[in-house]
Every structure is written in structure tokens, then in C-alpha cells.
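The following pair of complexes shares a single chain, subunit A, combined with subunit B in the former and subunit C in the latter.
Showing the complex of A and B:
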């Protein structure tokens, strides 16, 4: 390499670096302006933040159980034992079971509706463009509104209880799975469907034998993912009275039953994490079985 | 070839359904049994449901018929929307900044000690196990009502997820550049800065943009427990049964979320070339 080309290379490198630095500088300024603007809108003042931090620490130390290593396994009458902390365990388990069932039922119902609608909402399988447009827009609406907003509405109409929560989650699940399912359909291979059409299959058999076998593993995997999300959602729907353990959590937080707060949150975390692990295992197996 | 020949060639395909895939039958049976069980478990009654939906008729009507539209308090709605956006922005920025060191520390490319990694990962799992609304409720207890608690809730909940995604991005980074730097004798910091960061930074930015999108949705609901934003306006109006105003706010939220989606997609395409 001659000296001249080396110099040219250096020049080019410096030019690119400078361009990049300019961009980064520009971006940094935009972000800083954004932070300043947002802070003024939400009134983040440092004194409030600093005053709140010790209170947060206090609160956390209050909700943690005072366990005593000497009396850890004694009965629920004695302070410091595990069973004193979890004296309400049967109630929690009952409520967690309800939470789990709410999420499972909403996932089953929601993914069924989503499956039925997804054929209409996918560009390559929709029988006509008006239906396609209508279904797409309504799925967007149901996906866009958070389930807890639906839950407030249904609690008002149907009364306090898990039914309101199930319907709310079903609507939201239909919206989001419907979109994901229809995208899977759109990415599927058209050849099998065309072969069925060419040999005289109707729309139904096209979907059933040409499309479904291809996309089913993906659909199940998405539905399982949604189940994980719904488990999380169903733990909080109780905040507005829509059933599940959230109702109890809301109550103990507002009435300052300190140790029960940590007891319930710990149970929720254990449930959520174990269901996540189980569903992850299932999803991996479904996808791997598909690849074989 | 006759039909019979084809059947003989592929005997499996022409078996009746219950022999071809017994799992489908078993699975459907389980589902049906479960549905029957849950009808019983939740005391599901269709008459009650129909009654409830009957009660929703005036709601549905007032969603379309807007009374005294001009006298609504647009000022508070606008402030609520701005607050929601600001909460999402601040929460995402703060979570992204803290997730860089946390995510790197949870990655096996950076920290060799599996104990440190294990502790950080379980800590992140713990954060992720608690829903954002529960965090909001706890912060409202400590910092009082208002958007600050919402920002903190978004910050904590996102740190759990973003750090995990960041650490996975770092795990999946290419080893060659890192090895090249190590073999030419660079320090640990320089290896990170020039070997790993250039690879993972675009992924980090793109993930954070995704989270800004999803936070502008979740910031909406934080107001329900008093953590500020448009959710407060919305849930107040729903409680007072101003369904027309509530529906108007929901429409505004949907429009805002759609605009942010578009913007963030455009940004991702421009800067990351996804």
C-alpha cells in the first residue's frame, strides 16, 4: 500500500467517525431534552424522590416477615414461625387456583376465537377484503384496550367476581392472538393450499388441510406465551374487583396487613415463575418436534 | 395408479382420525372436560351473563352518542396524555441505563463467575414475577399518589425484563472480535467497549424502543392504582359512569399508541436497519 492510499483511508475513516460523533451528539441532545421535558411534566423533584426512598425502605422492611430461627417450624400461634406468616395459606391457595383457572379459561376461549378470526384477518386466506378490513380493525381495538379497562367495564355490568375478569382477558387475548395468528398464516407457504385448490378443495378444506398443519406448532407456541402473560394479568385484575388473588392483595396492601403482603407476593412469584418454566419447556418441545 | 395403490403406498395417511392421531382426540376430550369443570367452578350462568350484557346497552349507546361534548374537561385529558408519555419515556430511559451494567453482568461473555450470574439472574426473575401494577401499588405507598410512582414502577418492572434481554443479546454476540482483542493484549474494559458493545448496542437500542412502545400502553393502566397519567382520568370517568368521555379517552389512547408504534418502527428502521 502506498502512502497516499493510506492517507486516503485515514481521511475516510475520520470522516465517517466525525459523522457518527455528530449523530451521537445530536441524539444525546434530543434524549436530554426529552428527559428535561418529561421531568417537568411528571414533577420529578429530587427532594420528593429522596424523601420517598427511606419510606420505601421502611415499607419493604415492614412487609418482610419477622422470622425467628428458634421457632421457625412451630405452630401458627407463635410469632416468628413460618406458619404464623402463612396462617392464611389455604385461602391463598384457593385464590391462586382461581387465578390460574381464570387465565387458563381465558387463554382457551381467546385462542379459539382468535383462531376462527385469524383466517379472515390474514391477507392470503381472507375470503373477501371487506371482512379482512373489518376483522383487522376490531382485533386492533380489542388488542389496544388493556384488559383491566375491559375488566372495570364488565365488573360494572356483571358484578364483582372472576367472570368479569375472564371475559376481559378473553377479549384482549382474542385481539392479540388474532393478530399474531394471522401473521403466521401470512408467512405460511402457499403451495399446499394451492395444490388443494387445484384438486378441487373448498375454502374450508384448504384451511384445514393446507394451512393448519403448517402453522399449528407456531399457533400453540404463541398461545402458551399468551397463557404466561394471562397468568400475570389475572393476578392484578382483582384490583378492580375482577376476581383472583389480586383482590386479596389489594386489600392487604390498603389495610396494611404488612406480613401478608410479602406472603402473597411470594406466592404469586412462585406461581408465575413455575408456570413460565413449564410453558417454556412445552414450547421448546413443540418447536423442536416441529423441526424434526 | 388406482386409489387402492395409493392407499397401499401410504397406509398411515388413510387411517381413520382416531388411529392416525389419537392425541388430537385425547386433547379435545380434556379440553371439553375442562370447560365443563370451569362452568361449574365459576358458577357460570348464561341468564346472568345475558342480564349483564343487557345492562351494558346504555353504555354502548353512550359510547357512540356523545353528550355535551364541548363541556368536557379537555385540559385534564391533555395533561393526562402528556403525563403518560412522559412516564413511559422516563421509565424506559432509566431502565435502559441501569440494564446495561446489569445485563452485561448477567451475561456469561462478561462475568465468568457463575455464582454472580446466578444471583443476578434470580434477582431479575424476582422482579419480573411481580406485575407492574403491583410495583405501582407499592410505590404509591412509599412515594404517594402521582406520576412519580408510575415512573418508578415502569423503571423497576422494565429493569427486570430489559436486563434479561440485554444479557441474552450479549450471550449471543460473536466471540471472534472479543478473542481478537484479548489476543492483542487489550484490557477487560477495552475488550468490552470495542469487542462487545458495538455488536450489542443496536440490539439494546431496538429493544428499548420496543419497550417504550409497550410502556406507553402499560403507563395507561398505572393510573388505576393512583400512579398518574391518563389512566387516572379514565378510571375516574368509568367509576362516575361517564362512559362517553371514557370511550373518547380510550380512542385517544389507541391513536397515541398507534402513532408511537409507527414512529418507533421508523426509528428502528432508520438507525438499526432492521
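Showing the complex of A and C:
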């Protein structure tokens, strides 16, 4: 390469770089304007925020248990002991187990429906465009409606209890996983599907053998992630009467059983964190390692 | 004797005719090499025979069957009789070798149980027998991804044989293999051509390989047939023209 052509290349490169810098600059300005506009729309008022913060602290200090180091490990009759704080532990555990089961069942049912529908909702695998359109739009509906709305509806129709929560979460899970699954299908490699087609396999065997083995690790990973989300969601659904620990939490908040509020919240946090860690471990070590 | 008859076959992609009026007749039991540069229309021709790609014009007939107008079940039956292997092998890498071979049976003998991974004993035995022919029965329960490229392509041939095909289409079967494995794969294809009487139609880059293995060569350039004859008839001038060497 001569010196002149090298210089030409350099010039061209600089021109492209400058063009990109200019774009980034414009984007930054647009984003800043957007932030300013949106904060004025939602009426962010710094003085109200500052005045309100201490009240938040008041509530937290009220719900914290009064533990006494002298009597920490004494029985539940004595104030200041751990077992006084957690006198209702067996009940909490039973309710947490119910919450856990609600999330598990909803995740299993929801992922199954999502899997069946996802093949129809992916552009490259859907057998016809009418079905594609129909399934896509219904999945959008099911994930567009918040779980809590479904839960209120089903509590009203079926009565208070975990069934309403399970159905609500199943619907939402179907909607959101169905979309994610179909996007995994759309990003899949079509070579094996083509091989199946070329050998005279029908649509079902094309999906089952040409697609599913390839995408399965990704699908399981998404389903586990959804399980983590559902664990959190199922505690909230109890607030509208859809069963589990949330229902109890709502009760103790309303009756101002301050110490019980912190006892329940602590247990929920511990459960959510341990399940998150466990499912993260599964995703990282079993599914993704298997993917290589 | 049955034959595959291709009449005035055309395929248009946007404004380009990838295949531009091909007329050929291929008799049963022959080994045919299709040669030409990349982009000459070799792949498109093969894919149209299997109907992975639909032609824009013209017809393909096998015996009394009008291949170009088949639909649904009849089309799937044709595809199962007209097996195809690919440059990238297209095996299901996460499944074991035996299942990969069994998949060849789905086109001719489908049952809903297959979707749950259940195959009949007869099919399993026949899959193992096919693997044995290519010295691969030991690998039956290994994941397909653990096999070398040459082994994977031979598994793909075993899968094709599971279809009980009348024709085997091979789209650049040795382009991603080293010379030793390439020879093995070509030997195996000639073996099933000679022993089972299966017509083999094979897209090849390499003129040498094509000349050594095929009974008849068809040369394509710009979607048209520019040579059709036995390997001996392929002169240096024609091969130069085929590969456009004069312009370099």
C-alpha cells in the first residue's frame, strides 16, 4: 500500500468516526430532553419526596421486632425472644409452601401452554399466517393484562383461595413465555428443520426433532427465570385474596400487627433469594454448560 | 426402467434466473455429478427436485408422478423417496446418532408415538443395520455433535437410507471435509449406488472427484446446461468454460 492510499483510508475512517460521533451526540441530547419532559409530566416534586422519607423510616422502625439479648432464645411466652417474634412460624411455613406451590404449578402449566403455542407464534415455524396472527395477538393480551387484574377477576368468580392465583399466573406466564419462546424459535438455525422437511417429515416431526432439541436449553432457562418471577408475584397476589403468604401479610398489615409484618417479610425475602440463587445455579451450571 | 425427467425448469430469484431452462433425463441407478462454479444453480436444481424450493416454471416427473404438482401427504411421500444430504450434514447435534438415523423413517412410517421419542423395534434394528454398513454402529448412542465431520456425513447417509429412497440427492457433500474423509464419503455413496441401485445425484465442486466417481456429468453455468456426457467426453476446453477460467 502506498503512502497516499494509506492516507486516503485514514481520511475515510475519520469521516466515518465523525459521523458516528455526531449521531451519538444527537442521541444524547434527545435522551436528556426526554428525561426532562417526562419528569415534568409525572410531576416529580423534590420537597414532597424529602418530607415523606422520614415517615418511611418511622414505619420501618415500628415493624422491627423488639428483641432483647438477655431473653433471645427463651420460649414464646417471653417478650423479646425470637420465638415470641416468630410465634406463628408453623402457619407461615405452611403458607409459604402454598405460595411456592402456586408459583411452581403456574410455571409448569404456563410453560406447557406457552411451548405449544410458541410454534404457531414464530414467523418461521407457523403453518399459516392467520394462525400466526391469532396466536400472537392472544399472547399479547395475556401478557398485557397484569396478573393482579386476572387474580381479582378470578377471586371474584371462584372465591378466595390459591386456585384464583394459580390461574392468574398461568395466563400471564403463557403470554410472556409464549412470546419469548417464539422469539427463540425465530432465532434458531433452520438447517435441521430443513433436513426433516427434506426427508418427508410432517410439521409435527419438524418441530419435535428439527427445532425442539436445539432450542430446549434456552426454553428451560427462560422457564426457570419465569419461576423466580412467579414466586415474587404469588406473594403479591395474596393481597387480593388469591391465597398463600400474601394473604396473611395483607391481614397483618391491615391489623397493624407490626412485628408480624417484619417476620413475614423477612421470610419472603429469604425464600425469594434462595430460590433465585438455586435457579441461577441450575441455569448457569446445568443448562448453559450443556449448551456448549 | 424408471427415470427422472426435468423439462424447461426455471427458478427466478428477484430478477436473476438461478436456474434457466434446464432439460435433462436421468435413468434409474446411475451416479450423476453436477458440476459448475458457485452460483451456477447447482443447489437450486437439487432443492427443486426434492421440492425444498418450488420452481417458477417447468416440470419434474418421476416415472408417472408429476413431482412439481405434488401437495401435502403425496409431497411428503415424494420427499421421503428422494433423500437429501447437505454440505453441513444437518444432523440434530444434541440427539444421539441412533435417533438421528431413526428420523429418516418419519417420512414413510409416521406414528404419533415418534413425537415422544418412541420408535418401533423393527425401525431401530434397521437403523442399526444402516449404521453398521458404514462402520458406525459403535457410535449409535453417542451424541451426534461428538462425531467428526466425516462421521457425521456418513450418519446423514445412513439417515437417508432409512427413508428407503429411490434417489439420493447430495448437495456439496464433501465441501467441508478433509480429503481422507471426503474419499470415504464418496466411496460410501458409490457403494449404495452400486449395491442398492439408488440413483445418486451429487453436486460437486471438484472436477477430479466428479470424474472419478460419476457415470455421467452435467455441467451448469448461469443456470443452463453447458455440458452433458460421460467423464471422458469432458475436455479441457469445456472445463475451462465451465469454471470461467479464461477470464482470470
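Going forward, the second predicted complex is superposed on the first by the 233 of 292 C-alpha atoms of A that agree within 3 Å, B and C clash if a C-alpha of one lies under 4 Å from a C-alpha of the other, contacts with A are read in each partner's own complex, and residues count from 1 in each chain.
FYI, a residue touches a chain if its C-beta (ideal position, glycine included) is under 8 Å from a C-beta of that chain, and two chains touch if they have at least 3 such contacts.
As the structure is a prediction and not an experimental result, all values here were calculated from the model.
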*Could you say whether A:31 touches subunit B, subunit C, both of them, or neither, answering first, second, both or neither?*
first
*Have a look at where A:116 lands relative to subunit B and subunit C in the superposition and call it first, second, both or neither.*
neither
*Classify the contacts of A:93 with the two partner chains as first (subunit B alone), second (subunit C alone), both, or neither.*
neither
*Could you tell me if A:205 is touching subunit B, subunit C, both of them or neither one (first, second, both, neither)?*
second
_First, second, both or neither for A:214, with subunit B first and subunit C second_ = second
*By residue count, is subunit A touched more by subunit B or by subunit C?*
B
_Footprint overlap on subunit A, comparing subunit B with subunit C_ = none
*Once bound in the complex, which stretches of subunit A touch subunit C?*
191-192, 194-202, 204-205, 208-210, 213-214, 216
*subunit A partner contacts - residues on subunit C that touch it in the complex*: 50, 52, 76-81, 83-84, 86, 88, 90-95, 99, 103-104, 106-108, 110, 114-115, 156, 159-160, 163
_subunit A to subunit B touching residues, read off their complex_ = 31, 34-35, 37-39, 41-44, 48-49, 52-53, 55-56, 58-59, 101, 104-105, 108, 140-141, 144-146, 148-149, 152-154, 156-159, 161-163, 166, 232-233, 235-236, 239-240, 249-250, 253, 265, 268-270, 272-273
*Across the complex, what residues on subunit B touch subunit A?*
31, 34-35, 38, 41-42, 44, 48-49, 52-53, 55-56, 59, 82-83, 85-87, 89-90, 93, 125-126, 129-131, 133-134, 137-139, 141-144, 146-148, 150-151, 217-218, 220-221, 224-225, 228, 234-235, 238-239, 241, 250, 253-254, 257-258
